[in-house]
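Common to both upcoming complexes is chain A, partnered first by chain B, then by chain C.
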Partner chain A sequence: MSIAVKNISKRFDSHPALSDVSLDIQEGELIALLGPSGSGKTTLLRVIAGLEFPDAHDGRILFHGRDVSGLSAYQRKAGFVFQHYALFNHMNVFENIAFSFRVLKRSQRPSESVIQDRIDGLLRAVQLEGYEKRLPTQLSGGQRQRVAFARALANKPEVLLLDEPFGALDAKVRKDLRRWLREFHDSTQLTTIFVTHDQDEAFEVADRVVLIDKGGIQQTGTPAQVREHPANDFVADFLGL
Partner chain B sequence: MRKRHVLPGFGLSLGYTLVYMGLIVLIPMSALCLRTFAGSWGHFWQTITDPRVLASFQVSFGLSLLAALLNGVFGVMAAWVLARYHFPGRRILDAMVDLPFALPTAVAGIALTAIYAPNEWIGGLLEPYGIRIAFTRLGIFIALTFIGFPFVVRTVQPVILQLSAELEEAAACLGASRWQTFRRVIFPALLPSILTGVTLAYGRAVGEFGSVVFIAGNIPYETEITPLLIITKLEQYDYPGAAALGFLMLCVSLVILIISNGLQAWNNSRNGTV
Partner chain C sequence: MPGSTTLHLKLHRPLRATGDRPAVRRFLIGSVLVFFILFLLLPLVVVFQEAFSKGLAAFVETFRDPYTQHSIVLTLVIALISVPLNTVLGIAAAWSVTRYRFRGRSLLITLLDLPLWVSPVIAGLLYVLVFGAQGWLGPWLREHEIRIIFAVPGMVLATLFVTFPFVARGLIPLMQAQGMKEEEAALTLGANGWQILWRITLPKIKWGLLYGVILCNARAMGEFGAVSVVSGHIRGKTNTMPLHIEILYNEYQFASAFAVASVLALLAIVTLILKTRAEWRAEQELRASRPSITP
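Our next item is the complex of A and B:
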């Protein structure tokens, strides 16, 4: 699904988090929002997700050309993965992933065997077969994040939004998960946006990188473009060029 | 070989701790047990199966349970409001929760009697409808609710504060309504702390004396609580009888403590904190 962000501004109290941000994302792209902490990259992701609402000017969010500005995160069909997993600790892995089915009305809910098949498939996709009965507290950080991925993918979102998905993980696991994400994206072509402050991560995984600082987009381009032609001092400085 | 510790003074501080706990906690408890079983089993059994004593058990344990359950509902609600919303006067309200903790229990008893007695404010309002609060079991129930309230609020409130907003956002992203989010995500996360709070409130209410005796009226078989019976027996120089009741209450307290600790361990294991 293509995503268009048009003239979005967002203030927290008096502090501007985003000022007049516009961004176009093509269907099937894998995009990294890259910037230092406090730059507004997470706010932009949350505004796209519908977890945060922009200040009421003329800012709009379009999914596939359709205005979704007034819709909730769920209505936007966006899968969201949180930095600290946000797993439900009292539910086992299976029930965590099945959550989006459990909250459906009985008339809309798929049968138990359909849910079982779907979750088996997801567990295979995130390489966690056999972990259905474990509680989140019995898993490592990387495993928890993969459960969070599976949960976000369960009701077939049309866009996947990841907030620092590898931020809380150690280096080795981070590398593996990065590669996994790239392969997963290549096989599904699901439009994906992820936030990171790690340029290696952004450049290794993303099709296009969006550099953000002080609530504004500083440069957008492929990793090669950005590296070879930094648009301004911030980009050059941040990338250490 | 002696084990070396990074922190010095382990032996000394442990020694003091053991002596202190022995003097303050263990010796009085064991004295109570000795006292209880100094008399004959027959006397012990006779004491605790006396109909008047059994009636007092019913009052003490039954009403304490009801009061703790009521606090389980409204204490959680208060904890939620105090933790989640910011409104003028919140800090004052928050401080007021501790009043039943801080107040001498006799003061609480007089205060409650002062408004619930038949010729006072609330008591007077209800009297024409035939509802009597002071000197009935309802009065005891209100007093026990009053003193148990902070236990529930203060155990649940920090857990609500710790719940990350991400959990609710995640549930919303997955299609849960506000009610489903509460029922399926928030409530199960709070449940262990609610049970702990209710258990603590129950334990406190079972042993409560000061705030209850004034409002209870202390009518035998009707509104007499077990701690009062202990006093009565002491006044009648029936020391073994008083000790027998005391021993029984000690056992109940121990059971409550064990349940409470078990619940906390369960809570910790589920939430990943050790």
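Our next item is the complex of A and C:
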């Protein structure tokens, strides 16, 4: 699904987090929002997700050409993965992933065997077969992150939004998960946006990189374009060119 | 030599970052212990000793008295009404001030504690002023034949006021520290407000909540001042256990007074044990919610 961000501004108290941001994302793209902490990249992701609402001017969010600005996070059919996983610690892995089915009205809820099949498939996709009965606290960080992925994917979202998905993991696990994300994206072509402050991560994984600083987009382009033609001092400086 | 001094300190004072001398430490710990034994532990022992001073038969006889029985029932009834109400109100208050940003939020957090810094007697008098025969609503209440002051409804109101802060105060720091990422995750997965409360928030805070409810209950059953003002001390009608103890004591029925008091004291001990356990579990709850930085 294509995503269009049009003239979005967002203030927290008196501090501007985003000022007049516009961005077009094509269907099936894998996009990195890259910038230092406090740049507004996470806020932009949360506005796209519907977890944060932009200041009421003429800002809009379009999914596939349709205005979703007034829709809730769930109605936008966007899967969201949080930086520290935000797993439900009192539920086992199976129930965490099944959550989006459990909260459906009975008339819309798939049968237990359909849910079981779906979750078996997801566990296979994230390489966690046999972990159904474990509690989140009994898993490593990398395993928790994969449960969070599976949970976000359970109800077949049309967009995947990831907030610093590998930020809390050690270098080795991080590399594996990066490769996994790239392969997963290549096989599903699910439109994906992820936030990171790590340029290696952005350049290695993303089709296009969006550089953000001080609540505004500084440059958008493929990793090669950005590296070869930094648009301004901030980009050159941030990338260490 | 500065280097060797540091080494010396490290070797011989591993546990003290404050730098207090041993004498100071012994004095402080000693005086706390003496205070604890003299003013907290001994009286508790005396309560039970006095309760049985006229033998087991007299102790049992106290609880055969219909007035005593009534005071126990009334205490339980008031707690059964006010504790659930304050649990719901406390959750709503904690939810509001930790989940929403609004004007007057910090003022509200301060005011939640109002019942703790107002003397309970004043709380009772406030209700007399509002609901009493000479009060603001007095004429209207009389017209409709509703009795609040010197009746059970007034005692419930006074108890509600005094015990209001406990649940909210227990939950606010816990909910603030836990954050609301899990709630946001549930939102993106399609849960509505009720589902988030029942399936995510309540399981997250259950031990902190229990801790607040236990304290709320202990105070509801033990409250004297506010309830005393609005009760009117009608035996067999508006006497709770604490009020009944005072009456028995004033009538020189010491053994009976202490017998009833021992039940309240026992309740306090059970509360303390439950509270400690809930507190410990609440800490685990908080720790589990913290993100770990392990691979």
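As a working rule, the second predicted complex is superposed on the first by the 241 of 241 C-alpha atoms of A that agree within 3 Å, B and C clash if a C-alpha of one lies under 4 Å from a C-alpha of the other, contacts with A are read in each partner's own complex, and residues count from 1 in each chain.
Keep this in mind: a residue touches a chain if its C-beta (ideal position, glycine included) is under 8 Å from a C-beta of that chain, and two chains touch if they have at least 3 such contacts.
Computed from a predicted model, the values in this text were never measured in an experiment.
On the superposed chain A, the positions of chain B and chain C overlap enough to count as a clash.
Of the two partner chains placed by the overlay, chain B and chain C both lie in contact with A:Ala49. Counted by residues of chain A touched, the larger count belongs to C, out of chain B and chain C. In the superposed model, A:Ala152 lies in contact with both chain B and chain C.
Applying the stated contact rule after C-alpha superposition, one finds that A:Asn7 touches neither chain B nor chain C. Judged by the touch definition given at the top, the superposed model places A:Asn89 against both chain B and chain C.
Of the two partner chains placed by superposition, chain B and chain C are both touched by A:Gly79. For the contact definition in use here, the residues of chain A common to its chain B contact set and its chain C contact set are 49, 51, 72-74, 78-80, 82, 84, 86, 88-90, 99-100, 102-104, 137, 151-152, 154-155.
Contact residues of chain A toward chain C in the complex are 49-51, 72-74, 78-80, 82-90, 99-100, 102-104, 137, 140-142, 151-152, 154-155, 168-170, 172-173.
Residues of chain C that touch chain A in their complex: 181-182, 184-192, 195, 199-200, 203-204, 288-289, 291-295. Contact residues on chain A toward chain B in their complex (touch as defined above): 49, 51, 72-74, 78-80, 82, 84, 86, 88-91, 99-100, 102-104, 135-137, 151-152, 154-155.
Per the touch definition, chain B reaches chain A in the complex via residues 164, 166-167, 169-177, 180, 184-185, 188-189, 269-272.
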